[in-house]
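In the two complexes that follow, subunit A is the common piece, with subunit B as its partner first and subunit C second.
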Partner chain A sequence: MSDTPVLQYSFLAPILIVLGGAVIGVLLEAFAAAKRRAVLQLTLTLGTLFIAFLSLLRIRNLTSAKAAMGSVMIDGPTILMQGTILLIAFFAVMIIGDVDNFTAQASAVPGSDEEKSALQAGRQQTEIFPLTLFAVAGMLLFPAANDLVTLFVALEVLSLPLYLMAGLSRHRRLFSQEAALKYFLLGAYASAFFLFGAAFLYGFSYSVTLSGIHAAVIGGTANNIFLLIGLTFISLGLLFKVGAVPFHAWTPDVYQGAPTPITGFMAAATKVAAFGAMLRIYYVTFAEANWNWRPILTVIAIATMLVGSIVAITQRDIKRMLAYSSIAHAGFLFTGVIALNKAGLAATLFYLLAYGFATIGAFGVITLVRDSSGEITDLNRWAGLGRRSPKIAALFSFFLFAFAGIPLTSGFIGKFAIFTAAYESGNIGVVVVGVLSSAIAAFFYIRVIVMMYFADDNGDSLTVVIPSPLTSIAIWVSGGVTLVLGVYPTPVLNAINTLATFIR
Partner chain B sequence: MNPYIPILVIGAFGFGFGVFSIVAAALTGPKRYNRAKAAAYECGIEPSPQAQGGGRFPVKYFLTAMLFIIFDIEIVFLYPWAVSFDQLGLFGLVEMVLFIGTVFVAYAYVWRRGGLEWD
Partner chain C sequence: MNYLTSLGALPLLGALLIFTLPKSKSNSAKWLALATSIAVAFLGVLIALRFEIDRPGFQFVENYSWIPSFGINYSLGIDGIALVLILMSVILVPIVIVAGWHESEGGRWGSKTFYILILILETMMIGVFAATDVFLFYVFFEAMLVPVYFLIGGYGVGERAAAAVKFLLYSLFGGLLMLAAIIGIYVISGHQGGHTFDIEKLSQLTIDSTTQNFLFLGFFIAFAIKAPLWPLHTWLPDAAKSATPGTSVLLLGVLDKVGTFGMIRYCIKLFPESSKTFTPIIIVLALISILYGAFLAIGQKDIKGLIAFTSISHFGFITMGIFAMTTQGHSGATLYMVNHGFSTAALFLVAGWISKRRGSSTIADFGGLQRVTPVLAWTFFIAGLSSLALPGLSSFVSEFLVLVGTYTRYPVAAVIGTLGIVLAALYILIPVQKALHGPITPGNENLTDITRRERIAIAPVIAVIIFLGFYPKPLLDVINPASVATLTAAGFSDPAPTVGGK
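On to the complex of A and B.
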């Protein structure tokens, strides 16, 4: 007679609550009256995320607990990353709540009569909310996963809804669907590589748990070729998710085609989850094999920073520009990963929080700049925005300053912490490249600001719509967090420093 | 008793069932011969010469197939559960009810959204 499995529901509560909310959301979508559906879904989604955050606070003191038979590790970094993801998702959902950004009927052919009649009748489908919750549940599980099977399941649970969400834009339907298809095909390909790597790691260690693989790594008697192949392929799957060069090609297309609120959510939350899982894998499992992966990741970090910053200069579309900027930021985050010390871990966690909020805010602002045919993402048409709506332009400039890492913003503290950690680990080359590409990146951020304030108004029909209350809360709170983390980051940095220790 | 005897008995039952089915069908069934009977995948209905719209299949086939495959996945989990039911006990039962419940949520959604209507 075998022992009954023990799941420790209270440790898994944040994930389970989000999944439960998603299932209720699916039922709402099926049975609620069409008129009240959007409001109900929004309330349910925000409520679910809030309760999940409360239940996370209840377990915040756990720094070394395993749940679900060792498949899920609840330690300091898990708590921090889950908290970051839930906060980011909460404010992202506020912006998603403006359902005008989403197609009324995703299954209708773009431009067909069916689509038009659905729009006129106001038959708005709101699957976006349960899909978001499913994606969030996957993201919560991803950095906590303690074996390769759970890691893969979490990867798929977070990816599959995102593929769909990328294709739901109301305006420029074909473009959005193209983005979804590209993301899906490339993502499925990357998942296959990940699985292949997992199989090789099992062949290497005869174990799927991260601690089992770690034991085989320090044991040093197992087949090293299998370790190398497995490590390479698993890294490839993760590098794709964060959009590291040379696996970044999907990023600009998908970020541009996806509905802007989703782009913000994707850029912020997916990065936290993917870097969370990556940190756990490299710090917990392969720390002793760092001679095998650190040189390659160093090259990737340098390439990612440089390509992201340099190519962004040539972009004429604000969403594409921010996509390349997110690639550059992935590079900065890598310098924290390859530092392979506690400071690097803490700095990466802080950077993810800071970058996440600035991203949500920046994409939230982009949803507001529109003309009659939808959002305007062409940079030339943003000229003179600073005079027409000074408040929104000032807020957007502030987010751009944060991306650029100007002092008094969260971006400065993040970059400072992460480069300090990299310097302490002796990786001076990476720090030099990082500072250089920050300088390059500052150029194109500031060019947008110059354009908004100093370029001639080109008499365009561009307007800044009055944001819905929730959207304004979300963008102003993001701005506030970006400011507070830049001016008085000590409490957050201290909290992260106390919690940032991986447990094997 | 020799432990292989039950296997032999099962084999005999299987063989007998096969023989019985073929013989009984041949003796009692109606005999109507048409082209469909000779097709590789015989289901008794003559296939139409070509699908409408130049040989492209409507996407509805795909949807139906996908909805059906979910049951296959369900069986993959139900079978090992049934085999070790007595060891898993109440825990296994509760988890399985939760699992089947969530699968039914998906079908409720499909039904309300009109995914089960052909036209």
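On to the complex of A and C.
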């Protein structure tokens, strides 16, 4: 006799709704008329994300709930991270909704007649929307996963669509496909490492559940070598996803090659999911074994901050520059992870939200700066943008100030919170490096502002194109969130502080 | 009534009104900005009149919870030192606006943006002096960089973009070091009775001396960049040369004072022990600044560069007065801050007018101005005399107090510092001779003399310089109690006077 598995559908509702929306999206792609497809898909995707967010609100007051036979943990941090991911995804989709960024027919060979005719006939495929929803579902599951198998499944569900999405750019398609292939190959290696680590952890604890592994860690009788090997390889898989040094090499290429709306989505949402999972693993499962991982992660945090900030200075392409900046920000986030205290958890969650919105907004602005051949990401050609489009340039400057952590932006509160947590945990060296790399980073952010405002207009043909009101809404809302979180973050901080406690 | 909040919010309101004006109305933007700044100045004077000299501690206190999860409050309050600095700032802003009536026209953007930036800057200046919550102070301290950055880069001359970036990067670097120190003291406060940013509560903490030294340095380096102390001064001459005269007045006259103000309010108050430890080094740096600034000023060919380097010398005096840790030194330093604000304003504004007429700011291009433009020449002369601390003009009183205050504790330093006065005579009188006297340099024959608008702008400045030279008592009465309070709280007492070598 066996028990029927109890899934606890209401707790899983946000994930299931997003998955359901994705499946409907696939059907829509097959059966809806080409003319109306884009609008239908966009509506469906936004609607799905909205309903998922509503269903998440319904379960926000749960103190602790395991779902799907203990495989999924719905606790405070999960709710916060899922909420962040859904919000970020919602606004990212608004920007993705401008389908001109994507190839009309992904299966056509770049530069072929088939591609041209698809473009001319307006046969725009819109698989990007269901792919986004699948990725979002994986991201929702990733920080909630409570055993290694679910964790791996979530990792793959979030990664596979992203590999594809990175290759869908309409302009410079070969470049985009190269990025996708790179991302896929390296990602596959990372996944393999992750599985390898999971196997060793099973050998260590005879369990794949996080609580089982935790019990073995405190038990202290199991084979520590297995623990070390397992921990190392699992961390490797996760470090790859967030682009930590020395596993960061893919980031600039993929960020540059992928369609810009996707880059923004990836940079913002993947970080939330991956750091969410990382926080759970380190805070819940391996907290007592922190001597085994904290020193190494400290070194990685320092290296990530420094490499990201220093290499970004040499970049002449704005997307590559923001890629290195995202590496530096991953380093700042690590200082929150290794703080290993409640303040660190709360600060990391706040930082993810703040960084996510600023990133969506910044990449959203980049999609608007175009000439006749498409988007312009060469920094030199942005000269004089401040004169031609003062509002958009001001908004972009504001996002850059947020990245640099200037007061009255969300970035400042985030940095303050995260460095405070690190200092509180006694890790003063990391704080000093963090502060220094912030100073280095300020240099290249400001250089963009100099370019836009103080460089002379070179008579370039570049303009700011607002493709649809949705894009405008997305970037201005992101700007608003960045401002509000910088001026009056109290409600958000309070919510985070009430909810930010992991349940084992 | 929330006087300080109103004072700070008023310029912001003006900026908002200007923002709503249509683009074509750049003239109304000017008048609106002027009206706002005059209203702010009146409110500032009103606050000064209601200030009670004999009451200890902060006055006009406001306290609201802002980010409770970090113990951050929106709390304002002023003591005598903050009061005179705020008063100086709000008086200088309308003068700058009148003096630079056409300054905004050569910029990358229109006049509207210029005045919006100036008014936002005024809000930040008031906030930075009025904040009694360290976090709030930091927010103003950093946020005020942004308007200045755009003012220099957008409306300056020459290598304006490079100068603006240099200014911003230097300041951000210092600011971030201070952020680390602020986080440090905040975490320590959490271990001793609850997280707070309240300056009074933070000054009660017991911090071991190593930590205290590092935290002190975090604050001090930020302030030493701001107030430029040798060797952290290199951004200042560039910024001063590139900025418009009005911006330079606000930059050197007000913003840099945040550095010296911070040394008193934060370095000494929060870390008295470390202040004592580092005093010898700081006094030496201050002396180097005094002499270095003076020597380089003598060698300057550019009139704006000259004023910038004289300021570095003056900031050396102010820093020396502060770290002499005597009440005379402190009061003198604070008075010096105000006086330097006005005399630098006079120098920069007049130099700006002359350069604009001549189309060059090289000293060698002038000559015989006294015959062509007598009133302008005389105004410049008076401002210069104030800068070299001639008795009867305001700077004399403060320089004298600083030297006396330093002498009672560090006689050697005071004697070396006196050299700075001699050099000051050189760096002022040589350009005065070159530019104002002698034969009329070709090209200067048709320069016009001072206009009515310029008279209106400069008259109050000169009046203040002369008035404070003869009768500094009202200001000193306000400053003295605050100086005594700061030093007593930090555990310093004036050396007992010795009579006749007994």
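FYI, the second predicted complex is superposed on the first by the 503 of 504 C-alpha atoms of A that agree within 3 Å, B and C clash if a C-alpha of one lies under 4 Å from a C-alpha of the other, contacts with A are read in each partner's own complex, and residues count from 1 in each chain.
One rule holds for everything that comes next: contacts are C-beta pairs under 8 Å (C-beta built on N, C-alpha and C of every residue); 3 or more make two chains touch, one makes a residue touch a chain.
Values in this document were obtained by computation on a predicted structure and should not be read as measured data.
Considering which of subunit B and subunit C touches more of subunit A, the answer is C. By the document's definition of touching, of the two partners only subunit B reaches A:23; subunit C does not.
By the document's definition of touching, neither partner reaches A:476: not subunit B, not subunit C.
Once the two complexes are laid over each other on the shared chain, residue contacts for A:5 go to subunit B alone; subunit C is not touched.
Shared-chain residue A:435: touches subunit C; no touch with subunit B.
Applying the stated contact rule after C-alpha superposition, one finds that A:196 touches neither subunit B nor subunit C. Once chain A of one complex is fitted onto chain A of the other, the partner contacts of A:175 are absent, as it touches neither subunit B nor subunit C.
The residues of subunit B lying in touch with subunit A in their complex are 84, 87-89, 91-92, 102, 105-106, 108-109, 111-113. On the side of subunit C, the complex with subunit A involves touching residues 66-70, 108-109, 135, 138-140, 142-143, 145-146, 150, 153-154, 160-161, 164-165, 168-169, 172-173, 176-177, 179-180, 183-184, 186-187, 190.
Interface residues of subunit A, counted against subunit B in their complex, comprise 1-2, 4-5, 23, 26-27, 29-31. Against subunit C, the residues of subunit A that register as touching in their complex are 386-387, 390, 401, 404, 406-408, 412-413, 415-417, 419-420, 423-424, 428, 431-432, 435-436, 438-439, 442-443, 446-447, 450, 453-455, 488-490, 493-494, 497.
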